[in-house]
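In the part that follows, the structures are each spelled out as structure tokens.
Same chain, two partners: chain A is paired with chain B first, then with chain C.
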Partner chain A sequence: MKDIKFIALFTLVLATLPFLTNSGVVLNFVVMALYASLLAQSWNILGGYSGQFSFGNAVFFGTGAYVQVIAQMHFGLNAWDALFFALSLSAIVGVFIGSVSFRYGLKGSYFALVTLAMAEIFRILSLSVGFTGGGVGLMLPLNNTFLGMQFINKSGYLWLILALVCSTLLITTYIKHSKLGAYMQAVRDNEDAAKALGINPFNVKLFSISISSVVMGAGGAIYVQLFQYIDPGIAYGPQSSVEALVAAIVGGVGTLWGPIIGATALLLMSELTRNLFGQIPGINMVIYGLVLVLIVLFAPSGLSGLGLSVRALFSRSFSSSRSKLIEDSPTHGGKG
Partner chain B sequence: MKASLLTSENILSLNSVSKSFAGLKAVSEVSIDVHKYSLTALIGPNGAGKTTLFALISGFLKPDTGRIVYNSNDITGLAPFVNAKEGLTRTFQIVQPFAGQTVLENVAIGAHLHYSNRSQALEYASHVIEKMGLHTYANKLSSDLTIAFRKRLELAKALATQPKLILLDEVLAGLNPREIQEMIPIVKNLVNEGVTVLMIEHVMQAVMNLADKVFVLDHGALIAEGTPSEVTQNELVIEAYLGKGAAERLNRKHLVTSQKEGT
Partner chain C sequence: MGAVYALIALGLTLVYGVLHIINFAHGACLMIALYGVYGLWAALGVDPYAALPIMIALMLMLGYILQRYVINRAGHTRDERVLLLTLGLSIIFENLALILFHSDTRTIETTYSLQTIQLGSVMLSLPKFYAFWGALGVSAVMLAIMKWTDLGRAIRAVAKERVGAKLMGIDVEQVYAMSFGIGLACLGAAACFLLPAYYVNPSVGNGFIFVSFTIVVLGGMGSFLGALLGGLLIGVIESLGGLYLGESLGQVGIFVVFVFFLIFRPQGMFGSKS
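Let's turn to the complex of A and B:
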């Protein structure tokens, strides 16, 4: 249970940070790094442990964000109750997308495209329906109370997001050391072999996407609590999907700490380059793209060096639609 | 000792099973019975439809027509993971390890079918690994194994699910003679432990040595069945392997040796 000790230490150190420093820069950095870690952790559960590459995690992010605001503004719930509904609805969206695409055996690039399309569908819907405020977006009224989940200084946010990141670390640890996790990794590594050993890949993937969507929904809910504003572009645009995916890959896919390492490294880099490039809009996405290419080329196991090779993972999950395993191969003789 | 366990009860019955791929009849009207606790071999030239038949039995493919009965239940068209839970599993001709994981983790995935608890599954897995002579590699990545040990791992994964009937797809292919000699007792031992084995095999030495009964497929159809010595003397079988008229041209002694080389 080395993992548990590290998680405890990590949580303890970060939780005491507000008592050690008053520096807004430091606290803000930690809050944003934890927030980005949460998104990456979500992607890692589905992509890293189950091998289902989502390009549209924004669909869960946006749902979490919108529900968090709407539940407070239109239904008068406090922020904590709203969070409950935000997570539940994200899970429902996750289970819906999962059951539709996994039922029909979509995997690899097909699954990636479906998630991308889903995020886009939700973005357009949120532009056109009334209760999302359309293109104008929704502004969460200021409410600096505990029930409003808004905090005057950053330490409140830090503890809140730390609790979520820590919970996700514990979930991931459980996944690593349980039958469920063994089954997720089996489906990721070889779906046909998994079926032969009594695993129903559909159930395993569905479970995985539901956990992943809850964590991503939490990320969306936290976003609106932090910034008090959401619009269709932020909610369902590619930004959060890409952030989640790149951070997980940079840190090390299929590892416990990879998403946190990756998210922190990326944030550090975009802070540093901000001075270099000034305020060019979208420059961080350009940098993320470059980093992704460099990592895939030169460090496919991520910065931690412990992850699965993202290249192997890509080729494995993107070629598995061929039914090469079950058909007689005429060229494969006895001496094969 | 095998004979004492052998009963006339069938664990598996295929009733005129057929499967076509875009007009090509891969398996055509095949009916076979496999006795409980027996070791039955399925042989035939390349492309005869043996692996397709395995895919049909295990549930990876659905037959177009025909019925498959396992343990007196109709399992036609059931998914492979449903069959695995009932004790019917298979190995793959081209080994399918979980590449990112160690040998122990690979086998534990099979063990999880009956053990939900992680440490119990790992314990049972190491027991299976020990039995398969893989224990020195337990913590190695499965992708680092030689082909002979990958074949053993393939078998170990399937055995960890505690099958009643196991379909072995060419577990000896690609092994050198010494490795084959090491593998044969392992397969033999399965039957002694109460597992029924149906195996596809090209290595005739092993078939002669192991099988109680042999079925021969050619162009998707069953052309012969019987004891190993019966089928190797069958003219249809000789012609399927060596071409038309071969049976007449060859004397039988000659045949057995040339088949060994031709596999």
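Let's turn to the complex of A and C:
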């Protein structure tokens, strides 16, 4: 399949990157871009393919991050076993939130607000209970071994995150082409019609949020492995939710490569603004907000949507079958 | 605080009831209004309460422009799009404030900010006393506008039946923009009452946004009476939660109420089933 070939090529090229360059700047950029892509991919599975817009993905991110640290510090597990528990607990949180809110038919903005409130509840709780270290946060001890999942040079992180991004790409491809994925997209486009055809929207959405939460939990676990520190504000604050959602929307909602394109474009842009304006606090986020507003207003199908419409413009003149294919691809603009 | 909450929620519920959008930038707009009051006081020496008409007019204009030229363009089809748009706006506002004013928390000092008033056996701080009655007064004026003026009738008509209102010759775009403007004007008034007893910093809106969402959900989306009663109720819940669970954990009470109502009774206490 074409998608699989592209994923293989993408993975191969990035995996060989550390052998081609020693530049810390390049490797660091790729690591951060892949990390941001992972968050965006998580959002995209739930928001893009199932149409459930979450404003509180931080709830999975923070759970993954805290479990990753606590399992290593308090239970003495190695980082890989901790990752297993981090992913499992994120999934449990995801299934819990999903089953509560989907059971009662929360949709659209209501679902977005509930996820946001859940993240806030978790943030306040993690400030108040003892084992998260409260407002002081938790520091992961340095352990530069393979079992500690901390690496002296960036290439180790690059391969680790690349493996996760690649797996998520494969999962997304599966979702795109499988029967279950077709159900998800049917529920997104018209839930009542999907129900009438015998699809159970509750199960479909629950599956979607569990996958999404596992991927987001992996993002949180990777965060602590990279930065060795977590506190309630980082874990459950709005930052990671917003990053995931903006990158996915900028790149193109409900597309395979959109999250990666969006995350990379945003990272490039924030590096550029940092060079242009220096360290003015907040300028970065102003640009984020502006991009979000402009994309929602003028390019609702994101950067990859822009690419598609340019391609459609060229191909319409000589190939009608090709542009039909493009028209069938999911868009979120106009009619809803 | 309850009455000020109610006033803030009233603005939010008006926007929801008429435009059927959730204005995520409501908290950020409150922050702008608070800086407006602060700026008038610091630069021109205008007393916060005297700033009331100025702030109402300014916020009305801001809301009108925002709705007419920005939010309107996203259309009213998918509510998530508007939610994303207003999220983007709130990020922009908040961080612009961060750039312009830095993250310092500012307060203003007036002759009455530390005075108290004796009511039976309770001592109340004077600004909070004013805030309570002032916010109630403004809410009453707003309800009167909605009930008896032509604009109010037009707004209610559009909220109930958009196409029908259009056929009757009502300029729907105009009504949308005015509703959004009035929604923000509530914030302008709330800011005037809030600042003498409160503070302002770039992220001050975040503390209010959930509270006002909760009130709106509690009272029923689009219900004015619900917003008023919900505001007072949340004020009580917050104080009791703070008293029994401590300052930080006490806020959980609000969120629990919020999630509980969203899940089990999304139409609120007074809202009708949509």
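Definition applied: the second predicted complex is superposed on the first by the 304 of 336 C-alpha atoms of A that agree within 3 Å, B and C clash if a C-alpha of one lies under 4 Å from a C-alpha of the other, contacts with A are read in each partner's own complex, and residues count from 1 in each chain.
Everything that follows uses one rule, which is that a contact is a pair of C-beta atoms (placed from the backbone, for glycine too) under 8 Å apart; a residue touches a chain by one contact, two chains touch by 3 or more.
For clarity, every value in this text was computed on a predicted model and none was experimentally measured.
So, does A:185 touch the first partner chain B, the second partner chain C, both, or neither?
So A:185 only meets chain B here.
Which holds for A:283: it touches chain B only (first), chain C only (second), both, or neither?
Touch partner of A:283: chain C, not chain B.
Using the touch definition from the top, say if A:193 reaches chain B (first), chain C (second), both or neither.
first
Kindly classify A:95 by the partners it touches after superposition: chain B alone (first), chain C alone (second), both, or neither?
neither
Using the superposition on chain A described above, determine whether A:124 touches chain B (first), chain C (second), both, or neither.
second
Just which bits of chain A does chain B share with chain C as contact spots?
In chain A, positions 332, 334-336 sit in both the chain B and chain C interfaces.
Would you pull the chain A residues touching chain B in the complex into a rising list?
For chain A paired with chain B, touching residues are 177-179, 182-183, 185-186, 188-190, 192-201, 254, 308, 312, 316, 324-336.
In the complex formed with chain A, which residues of chain B make contact?
21, 26, 46-52, 55, 58, 60-61, 79-81, 84-85, 89-94, 96-101, 105, 108-110, 112-113, 115-118, 121, 157-158, 160-161, 170, 173-174, 202-203, 263
Can you list the residues on chain C that touch chain A in the complex?
Residues of chain C touching chain A: 22, 70, 73-74, 77-81, 83-85, 87-92, 94-96, 98-99, 102-103, 202, 210, 213, 217, 246, 248-249, 251-252, 255-256, 258-259, 262-264, 266.
For the complex, give me every residue of chain A touching chain C.
Contacts found on chain A: 53, 55, 100-101, 104, 106, 108-110, 112-114, 116-118, 120-121, 124-125, 127-128, 242, 245, 249, 280-286, 288-293, 296-297, 300, 332, 334-336.
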